[in-house]
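The two complexes that follow have subunit A in common; it is paired with subunit B in the first and with subunit C in the second.
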Partner chain A sequence: MSNVAKRQTSTLDKVLRVALYATLLSVAFIYLAPFLVMLLTSLKDVEEIRTGTLLSLPGSLNLDAWSKAWSSACTGGQCEGIGPYFMNSFQIVLPAVAISTLLGALNGYVISHWKFKGSDLFFAALLVGCFIPFQVILLPMARTLGWLGIANTTTGLVFVHVVYGVAFTTLFFRNFYQSIPGELVKAARLDGAGFFTIFWRIILPVSTPIIVVTVIWQFTQIWNDFLFGVAFSGFDTQPVTVALNNLVNTSFGGKQYNVDMAAAIIAALPTLVVYVLAGKYFVRGLTAGSVKG
Partner chain B sequence: MASLTIDNVKKRYGQTEILKGINISIAAGEFLILVGPSGCGKSTLMNSIAGLEDVSEGRILIGDKDVTFASPKDRDIAMVFQSYALYPNMTVAENISFGLEMRKVPKEEREAEVQRVADMLQIGHLLKRKPAQLSGGQRQRVAMGRALARRPKMYLFDEPLSNLDAKLRVEMRTEIKKLHQKLGTTIVYVTHDQIEAMTLADRIAVMKDGEVQQLGTPQEIYDNPANLFVAGFMGSPAMNFVPAKVVEQNGSYALELQAAAPTVVPFPKAEKLAAYVGKSILLGLRPEMITEPQPHKEGAEFVTTANVEVEVTEPMGADTMVITRIQDAEVNCRCNPAYPAAPGKVIELMFDTSKAVAFDEATGQRIDL
Partner chain C sequence: MNNNAAKAESAATPAGRPARLSLADWMPKLVMAPTVVTTIVCIYGYMIWTAVLSFTNSRMLPTYKFVGFDQYEKLFNNDRWMVALSNLGVFGGLFILICLFLGVMLAIFLDQKIRVEGAIRTIYLYPMAISFIVTGTAWKWLLNPTNGIEKMMIELGFEDFKFDWLTDPDMVVYCLVIAAVWQASGFVMALFLAGLRGVDGEMIKAAQLDGASIFTTYRRIILPSLKPVFFSALVILSHIAIKSFDLVAALTNGGPGYSSDLPANFMYAHAFTRSQIGLGAASAMVMLGCVLAILVPYLYSELRGERHE
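== the complex of A and B ==
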């Protein structure tokens, strides 16, 4: 403590320090302002929105817009709010995340530790998958889903997201598994463990950081997806992003900005929660594979 | 316990031949060391014995059983890796019993076996820890424990001591030797450390460029190296290679060295030099055979004294290494620290050629075998 007190700080240092914080705070404000506006707007009633400014505080805490957005706002012809679609999204996201993560882990394990003739080519081909824009595969995928008989179903959407996600999840796991010494797998083989036993007993238990990264990544990607949702979902399997779009575009009389904002926040909430809960692993895990090797 | 036969094993990656026809066979209970510089194929050979890599040609037999195409788990061998390769998510006890579990050994037996191994290696107090909580030496012990638990036919050690610090390495070396004496199992051990090879082995296979240069007991390899490479690789400091001219003397042959003055030294198997009269060869002489003049050796059959100029001295405590030069070749001599050798000074040294060897300058092969 005494050393800190003794440290010489010139006036210039202080000015620079204040300027630094001012810059940081203003940038943070600019970044957070839209969310603040959304939150404030969702708590006002329509009358307040029309008379007040964007940043004026709501007169009273009014949660009507939230309950309306959840259970009674009209999305197209239906007037059940976005609640049901919110559940649809979970039905799509949970299996899609689980399956794509597991497949990515298996692929990464094979590419890193059970190299076969052409495994590098296989990996390169998978990597190309990361760079294919969504729009390009819309039509072929629609044909494929129809041919498989899962068009307009939740299963179909899960399938699309798994196929599209495996390229990324494989990349993540492969990079992570590169840093696991090959001797570990050799030792297990000599101990008599087979392909899957090594995967379950040795490899997966040390994969927590990269599993967290992959789950956050896939959850965010799939939850936020709009294009596949709007193209491949049926009437009652639409994800929440599509429902939000419909809600905002459906209006009877005046625009209900408060309901729109509440719905938008509800739709964004799960990814926020996932990130807050597991975010610290995200950065750690993303860099884990890249440092070594 | 089982014997091991490696019969003309070749290994190719595309066009490159990593192993060029290896033939080694050892009896049950022998301690074989594969030694050689990096890239000589010793680890590839080890992996081939383990079954972690396929061989392109040839056969590998453990006992009487041909295991060339058997999978690693069916060869009944255990391996200790350089990085130890302990399973990071399992405790020490689980690490040791994993192999038994995979072989469906009942739980009580596994626990008894873990206890037996832990007692043998004195790691009983570590059984509940994870590998990350262990020191290097402790991990090394656990890795050995994991190999011991299955009581396999053969143990493979892949540079197991190279990650330890110098002091611990010497301790563990002794420990491995004791373990081998106690268990009497067949061991194949890879190292690039020639001291490890000398101290541990019953037999050493010196490898270079995918070929076995020489297979023999440590003493054979030390005293009778087959070629320049083996002679230079085994022994520290390395054997001196002194250029010498073959001369005819009293109806026999001897070697002439260009020390401070030309000196003729006798050679044990002089008759083998006949073809080289008038030509230059390389005389191989271990540093301990060049010393300060020792009275008790005076006048012995293969002892000559000569004057040389000292370039550098390296005191090592027990001895002082005196480095001199004979005809462009640096020559290491092991002298008594009390002997007054100082850089720049010309001193008298005693050359004992009773164990000297001779090499062809062009091919590097021994010419007096």
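== the complex of A and C ==
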């Protein structure tokens, strides 16, 4: 290769490289922009919103919209802000995540190391549960919750989220436990160790990564749920997503976009914090079932 | 139904010879029992239940007067349902294509030993952590015809700039596409990036030694080997599209009129607020049919692949 040609390719390389970085960074800006606009809007007052544009800066740091969104904005009938509903979401999410993760771990353990007749077939049947459109189960579930006496309660929502979350948690744990050698479990059984002793002493100590992935996955799924929340909750047991939607669609006394945006950020905050702190695991959770199959 | 499932479960355990069985023998089945029962009842039982409801003339409360395929006939003569179905076609098609294209391109770009890769990846993916309700709320404001992007462009000097898709019945479905792509394309990027990292490095080196340009290498060698990732992404994206409910609820509430309804919103409206349980059930069954049409071939090929390993 002649010198001239070499120099040419290297300049071309440099130009391409700059273009590459420029593209990546401008795309990053596009992804960030909506959140930036939300944040800026939530810090403005109504007058500034009327006169300014999406990306114009607020005149002063004004947290009125935030306190209004939290404690006094109207969400349909009541005007207590989304604070109470934010707490409802935690009351639904925490038990639902804990129970579905525990069940998933035990199920995954059985399906990979204590196979019985029909357990593989059952696993296949359970997998379908990950994919059905939930519209198919809404009406019967509404009747069932009524019969059980837990319609419109947080308990009812916890129940629903556990029932339909277990398919995913079982899949995650089963895929992870498949990689633990069966000989290990067999040896322990020969030594007389029982079902729970093996789970407790051998399986659980190596499960930390998959527990983290599953907890993060379930937390985001259940926190972000809207369908079950709107179908099965009562007025004072609504999760925050439902309250946010009511707040935004309440056209009571003029639109206050700053309050809408503050409420939206509050509703998104828990999952965003989890994502920023443990994003690596979040990605792993998202790709777990899909790349490896 | 509950009792039957529980009975079937206990019958499956060999309870005939209790004296010979240790605790460990029935413990696995006992541990799985709650999940088995809820799966049989709350997934398969409910599916059948909804199917039964779709053949009745239930309105506000479920009744069991069977009317054959009347509800399905009504459904496909219902203009709002046909709008919802064609919206799903437009929305799903564009959403999947754009997400796949952006996802692949961004993954390839990010795979060029970029210095701040971690940070950029985090930014591309963060919308996936957010609820569709929040996404809808944010984009409702961004796409606001008087105060949103339109006003910003006018202030920037483009005085004739017009961007009122959110209130235009013919264009509103594209607003759904924009917001959904913003939310999910980063996820597709993450899937492909994980796939790219798994491609055999030796193969790429060999191709480059043979004088293949970087573009040829991607087109001929790397992308074809990512076929399974394409497949998974396709299934996940079409699944998101068919289930889309919250985005419509927050961004357009189905409006203007019912021009931006999707099947999931149609089902919810008829089953829960308009007292048309039979019709709602029929629409849910059609949605299930759509999902199965995509899912069954996928699961079949996945399971066959596993057996070959």
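Throughout what follows, the second predicted complex is superposed on the first by the 272 of 293 C-alpha atoms of A that agree within 3 Å, B and C clash if a C-alpha of one lies under 4 Å from a C-alpha of the other, contacts with A are read in each partner's own complex, and residues count from 1 in each chain.
By our rule, a residue touches a chain if its C-beta (ideal position, glycine included) is under 8 Å from a C-beta of that chain, and two chains touch if they have at least 3 such contacts.
Everything quoted here is computed from the prediction, not taken from an experiment.
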item	value
Fit or clash between subunit C and subunit B when superposed on subunit A	fit
Which superposed partner A:Phe90 touches (first subunit B, second subunit C, both, neither)	neither
Subunit A as apex of subunit B and subunit C, Cα-centre angle in degrees (nearest 10)	90
First (subunit B), second (subunit C), both or neither touched by A:Leu55	second
Which of subunit B and subunit C A:Val206 touches, first, second, both or neither	first
Partner chain(s) touched by A:Phe122 [first = subunit B, second = subunit C, both, neither]	second
Partner chain in contact with A:Ala28 - subunit B first, subunit C second, else both or neither	second
Subunit A residues touched - subunit C or subunit B, whichever exceeds	C
Touched partner set for A:Asp191, first subunit B, second subunit C, both or neither	first
Minimum distance between Cα atoms of subunit B and subunit C in the superposition (Å)	8
Common interface positions of subunit A, toward subunit B and toward subunit C	189
Subunit B-facing residues of subunit A, complex	181, 183-184, 186-193, 197, 201-202, 205-206
Complex contact set, residues of subunit B against subunit A	47, 50, 52, 71-73, 77-79, 81-83, 85, 87-89, 98-99, 102-103, 146, 150
Residues of subunit C defined as touching subunit A within the complex	12, 23-24, 27-29, 31-32, 34-36, 38-39, 42-47, 49-50, 53, 62, 106, 109-110, 112, 114, 120, 122-135, 137-142, 144, 147-149, 151-152, 155, 182, 186-187, 190-191, 194-195, 198, 228-229, 232-233, 236, 239, 242-243, 245-246, 249-250, 253, 263-264, 267-268, 271-272, 277, 280-281, 283-285, 287-288, 290-291, 295, 299, 302-303, 305-306
In the complex, subunit A residues that touch subunit C	20-21, 23-25, 27-28, 31-32, 34-35, 37-38, 41, 49-50, 53-55, 103, 106-107, 110-111, 114, 116-119, 122, 124-129, 131-144, 163-164, 166-167, 170, 189, 194-196, 220, 223-227, 230-231, 241, 244-245, 248-249, 257, 260-261, 263-265, 267-268, 271-272, 274-276, 279, 282-283, 286-287, 290-291, 293
